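Shared between the two complexes below is chain A, which pairs with chain B and chain C, respectively.
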Partner chain A sequence: MKRRLTEGFVLIIAAVVAFPLFWMVLSAFKPEDEIISADPVPWTTRPTLDSFTRALTVANFGRYFLNSVIVALVVVVLSILISFLAATALTRFRFRSRTTLLIMLLVVQMVPVEALTVPLFFLMRSVGDSVPAFGLNHLGSLVLVHLAFSLPFAIWMLRGFVAAVPVELEEAATLDGASRFRFLWQVLFPLVAPGLVATSVLSFIHAWNDFLFAKTFIISAVENQTLPLALQVFVKPDQNDWGAIMAGSTLMTIPVLIFFMLVQRRLVSGLAGAVKG
Partner chain B sequence: MAVLDSISTGKRSVADRPPPVPRKRYPKWATRAPLLPALIFLIIVTQLPFVATLVISFMKWNSLDPAGRGFAGIDNYVNVFTDPDLRSSVVNTIVLTASVVLISLLLGLGLALLLDKKFAGRGFVRTMLIAPFLVVPVASALIWKHVLYNPEYGLFNGVLNWLGFDAQPDWISTMPMTAVVASLVWQWTPFMMLILLAGLQSKPVEPVEAARIDGASPFQVFRYLTFPHLRQYLELGGLLGSIYIVQNFDAVFTITSGGLGTANLPYMIYQTFYQAHEYGEASAAGVIVVAGSIVIATFALRVVSSLFKEAK
Partner chain C sequence: MDSSGLDSSGLGVRRAVGFVAPALVLIGVFLVFPALWTLYIGITNYQLTGPAAANPRVVGLDNVVNAVRDPLFTNSVWLTALFVLGSAVIGQNVLGFGLAWLLRTVRPVLRRTVEGLVLLSWILPGTVVAYLWFAVLSRDTGTLGMLLGSPRTAWLVQYPMTSLIIFNVWRGTAFSMLLYTSALAAVPPSQLETARLAGASGWQTVRDVVFPHIRGHVLTNTLLISLWTANDFTPFLLTAGGPNHRSEVLPVLIYRQALESGQLGYASAMSMLLLVGNLVIALVYLRLLRRRA
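Moving on, here comes the complex of A and B:
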C-alpha cells in the first residue's frame, strides 16, 4: 500500500515537471487562434503543421539547424580526442607539476564566460584577419570557444575512467609488443568508452544550447547563425508568432533527446565514474 | 573529485597519489606530449584572454571615444563598485545562483531518493523527470515567459481561472526574480537528480542491510550511511551548478531583459560592452566575477567539507 502511494506520488511529480514540455509540443500543433485563447485547453481538435511550415520556411530554420549540428558535432569529436589524450597523460604518467595542472584545469572551468567575452571578441576578430573561417561571423569561432569551455570538464571527468583501467593491462600490452600508440587507441580508448559517452553528452548540450557566444560573435552574417538565435526571430515586440516559436523549440529539442536516449544508460554510470577518480 | 578533496582539506587523498611507474621508462617528452594539444589550446583560448581582460580592466577604453583611450588605474573598479546598477547586479547574481543551486539540489535529492526505489515504469518516470534538462535554455525561458507566466493566455492564470479564482496576476512584473529562479530550478533539478542518482546507485548495499538488521530506522540509515556517501556527489552538483548558473544569460535576457531589478553580472557586462561600449568597465566587472567565484568556491568547499568531517 505504502509502495503504491509512493509510486502515485512520483508519477504526479513527473507529470507536473514534464507538463510544460507537453504544452510546448501541443502548442506547436495547435492552430493559431487556439494558442492565444484565454481558456487554454490541454488538447486540440484541429492539429496542424502550419507552425512547423512557418518555422522552416520563413526563418530559414533548416539552415540554422545545420549550423548548430555542425558546431556541436565538431566540438564533440575534437573534445573527445583532445581530452582523452590529456586525461591519459594526467593519470598514467607522473611528472612534475602534475597536481598543479589538475588544479589549473579546475580553475579554468570556474572562470565564468562573462569575464572572457570581451577579450574573446577581440581575439576572434584578430583571428579572423588571418584565418577568416575561425573569426567573427563564422562557425569556426563558435567551435573554438565551445571546445575551450568543454575541455576542462571533459578531461576532469575522463581522469577517473582512465585511472580505473589497471596498469597491468598496459604492461601486458607492452610485453605483447603493442606500441604506445596502439595501446592508446586499441586498448585504452574502447575501455574508457562509457566515460567518453558521458562527457560527449555534456559537450554536445553545451555547444547546442549556447546563446551568449552565438549572439555576440555572429553579428552580421545571418546565414551563420545558430538555432537559439533563430528562435528570437519570431519574438517581436508587438506580435509574437507563438506557434512558430513552439514548433522551433520542439524541433530544437529533438536532437538532444535522441542523443540522450542513445546514451542514457551509460550516463549515470559515467557520472559515477567521474566522482570515483 | 580527488582534486577537490585535496584542495578543500589541504591533504592529498589516496587517489591523488601518482600511479606506480611502469617498468619501462618513457622519455620525458613522451609522457607530456599527449597533454599538449589541450594545454596549448586552453592557454590560447582561455588564459591569454583572461590576462587581456585584466589589462583592459585598468584601461580607459570606450570604442565611441577612441581618442580617449589610455591608462585608467583603478577607476573602472571604483565605477563598478559605486555604480548602483552594477552593484545590484552583483547582489542579483549571488541571490540567483545561491537560490537556484540550493533549491534544485534539495528537490533533486528528493527525486533521486524516490527514483532509487524499484517500481513499475521507473524508466519512463525518469525520462520524464530528466526532460527539462534537455530543452534548450532559450526555448525553456520562452516557454516559461509566455506559455506559463503570460497574464492573458498563460497556463498559470488559466489554471487559476479554472479553479475559480478571479485573480489574474502578472507573474513576471510582480515577482520578477522568483519568476527567473523558478524557471531555472525547473531546468536544473534534473541535472542534480542525475548526479545524485549516480551517487545513490554506486552505494554499496551490504552496510545498509547490516544497519537494518541491527535495527536502524530509515532516517538513521539516511543520516549516517546514505548522506555521508552522497557528500561528494552533492559537492559536485553544487559546484557544477554554481559554475553554470553564475554565467546564466539566456534566462535573464529572455524573461525580463534584465529589467525589473533582475539584471545579473553576465547581462550587465553584455550591456556595458555591446551597448555602452565601455570595454574597460566591462572587463573590470569580469575580473570581479572571477575573483568572487574563486573565493566563494574555495570557501564553500571548505565549509561544506569541514561540516561533514565533524559529523563523521
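Moving on, here comes the complex of A and C:
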C-alpha cells in the first residue's frame, strides 16, 4: 500500500518533469495553425514535418549542427587526455605547491563566466592575429575556452579516481616489465574510465550548450556559428516561429540524448565515485 | 604525507611537469589571466565606447563604492540570494533528496524512467530549455496559462522570480538526486532496519540515522549547486532581468552593465564582488566540513 502511494507520487513528479519536454516534441510536429491556436491540445491528429523542413532549410541548420559537433567532440577528447595526465601527476607526485594548486583549481571554478567575456574577447583577437584558426570568428576559439573552463572540474573529479588505484598495482606492472607509458594507457586509463565518462559528459554539455561565448566570439563569420545561436534566427520581434524553434530544439537535443544514453550507467557510478574520492 | 614518499610512482619531475603543463597553460591563459584582467578593469573607468574607452583611468575602489550604493546592485544581490536559497539550497536539495529517498523503494523500471527524465532536463541545452519554458510560461500563447484557463497571466512578467526559481529547480535537481542516490547507498541497511524495528517514523529515520552518514555529501552538494546557481546565466534567456529589474540576478546585471551599457569597469568590479561572495560561501562550507572531523 505504502509502495503504491510512493509510486503514484513518483509518477506525478515524472509527469511534471516530462511535460515541457513532451510539449517541445509535440510542438515540433504540429502544423502551424495548431501551434498558434488559442486552444492548444496536448496531441495532434495531423503530424507534419513542415517545421523541421523550415528549420533545416532556412537556417542552414546542417552547417551549424556540424560546427557544434566538431567543437563538442574536440573538447571532449582533448579534455579527457589533458585532465587524465594532469590528475595523474597531481595525485601521484607530491610537490611543494600542490595544495596551493589544488585550491586554485577550486577557486577558478567560482569565477563568474559573464565577467570574462570582455577580456577573453580581446585575448582571442590577439590570438587570432598570430594563429587565425584559434582567433575570433573561428571554431578554435570556442575549443580553447571550453577546454579551459571544463579542465578544473575534470581534474578535480578525476583525482579521486586516480587516488583509488593502489600504488602497488603500478609497482606490480613495473615489475612485470610494463613501461610507464603502457601502464598509464593500458592499466590506469581503463581503471579511471568511470570518472572519465562523468567528466566527458560535463565537458560535452558545456561545449554543446554554450551560448555566451559563441555569441561573443563568432561575430561576423556566419558559417562558423553554432546551434544555440542558429535557433535565434526564428525569434522575431513580432511573431516567433515556435514550430521551427521547437523543431530545431528537438534536433539539437538528439545528439545529447545519444551521447547520454551511451554513458548513463557509467555517469551515475562516476559521479558517485567522484564525490566519495 | 604517506610512507610512499614524495613521488609514489616514480614519475620523475620532468614527466610530472610535462603531464600538468598542458592543463595549467590552458587554465592559466584562458581562465586565470582573463580573471586577473577583469580585476584590473574593475579598478578603472573603462567603457565600451566614448572617451573612457580610449584612455581608461585607474579609479581605485570607486566602482566598488558606487556598486554598494547603487540600488540596482543591492536589489540584484538580494535577488541572487533569493535565487540561490530558493532554488538551490532549498529547492534542489530537498527535491533531490526526496526523489533519491523515494526512488529506493519503487520498481526498477519506474526508477530508471524518472532518473532518465530528471537527468534529461539537466543536460538539455540552456537555450532549448529557455525557449521551452518561455513557450510554456508566456502570455496569450503560453501553455500553462491555457491549461489553467487563465491565458492572460504572463507568468514571467507577473511572477518573474518565482518562475525562475521553479525553472531552476526543474533544471538542476538531477545533480542532487544523483549525489544523494549514491550517498544513500552507503548507509548501512542494518541501521535502517533497526530504526524501523524501533518504530521510528520516516522523518526520525532520516534525521537520526541517515543524515549523520551523508552530512559530507549534503555539504558538498549544497556548495556546488549554490555556486552554480549564483553564477547561472540562463535567467537572462528567460526574463533578461525584467520586468523593471525584478529578476535581475547578478550575472544578468553584470552582463547588461558590460555589454548593453558598456560600463566595463563597473561591471568588472561587480563580478569581483560576486567572486568574493562565492569565496565566502566556500569558506563557510569548508568550516562546516572540517567541524565534522
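Here is the rule we go by: the second predicted complex is superposed on the first by the 277 of 277 C-alpha atoms of A that agree within 3 Å, B and C clash if a C-alpha of one lies under 4 Å from a C-alpha of the other, contacts with A are read in each partner's own complex, and residues count from 1 in each chain.
Just so it is clear, a residue touches a chain if its C-beta (ideal position, glycine included) is under 8 Å from a C-beta of that chain, and two chains touch if they have at least 3 such contacts.
Please read these numbers as outputs of a predicted model, since none were measured by experiment.
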(message) Taking chain A as the common reference, can chain B and chain C both be placed on it without clashing, or not? Answer clash or fit.
(response) clash
(request) For A:Pro152, decide between first (touching chain B), second (touching chain C), both and neither. (result) both
(message) Applying the document's definition of touch, where does A:Ala163 land relative to chain B and chain C: first, second, both, or neither?
(response) first
(message) Tell me the contact category for A:Arg46 with respect to chain B and chain C: first, second, both or neither.
(response) neither
(request) Using the superposition on A, tell me which residues of chain A are in contact with chain B and, in the other complex, with chain C. (result) 3, 6-7, 9-11, 13-14, 17-18, 20-21, 23-24, 27, 36, 38-40, 82-83, 85-86, 88-90, 92-95, 101, 105-120, 123, 144-145, 147-149, 151-152, 155, 167, 170, 174, 180, 205, 208-209, 211-212, 227-228, 231, 235, 242, 245-246, 249, 252-253, 256-257, 260, 264, 267-269, 271-272, 275-276
(message) List the residues on chain B that touch chain A in their complex, please.
(response) 1-4, 6-7, 12, 15-16, 18-24, 26, 28, 30-35, 37-39, 41-42, 45-50, 52-53, 56, 111, 114-115, 117, 119-121, 125, 127-132, 134-139, 142-144, 146-148, 152-153, 155, 158, 161, 186, 189-190, 194-195, 197-199, 201-202, 232-233, 236, 240, 243, 246-247, 249-250, 253, 265-266, 269-270, 273-274, 279, 282-283, 285-287, 289-290, 293-294, 297
(request) Please name which positions on chain C make contact with chain A in the complex. (result) 1, 4-11, 15-17, 19-20, 22-24, 26-27, 29-35, 37-38, 41, 99, 102-103, 105-107, 110, 113-121, 123-129, 131-133, 135-136, 140-141, 143, 146, 151, 170, 175, 178-179, 181-183, 185-186, 217, 220-221, 227, 230-231, 233, 237, 250-251, 254-255, 258-259, 264, 267-268, 271-272, 274-275, 278-279, 282
(request) Give every residue of chain A touching chain C within the complex, in rising order. (result) 3, 6-7, 9-11, 13-14, 17-21, 23-24, 27, 36, 38-40, 82-83, 85-86, 88-90, 92-95, 101, 104-120, 123, 144-145, 147-149, 151-152, 155, 167, 170, 174, 180, 201, 205, 208-209, 211-212, 227-228, 231, 235, 242, 245-246, 249, 252-253, 256-257, 260, 264, 267-269, 271-272, 275-276
(request) Write out the stretch or stretches of chain A touching chain B in their complex. (result) 3, 6-7, 9-11, 13-15, 17-18, 20-21, 23-24, 27, 35-40, 82-83, 85-86, 88-95, 98-99, 101-103, 105-123, 144-145, 147-149, 151-153, 155-156, 163, 167, 170-171, 174, 180, 184, 205, 208-209, 211-212, 216, 227-228, 231-232, 235, 240, 242, 245-246, 248-249, 252-253, 256-257, 260, 264, 267-272, 274-277
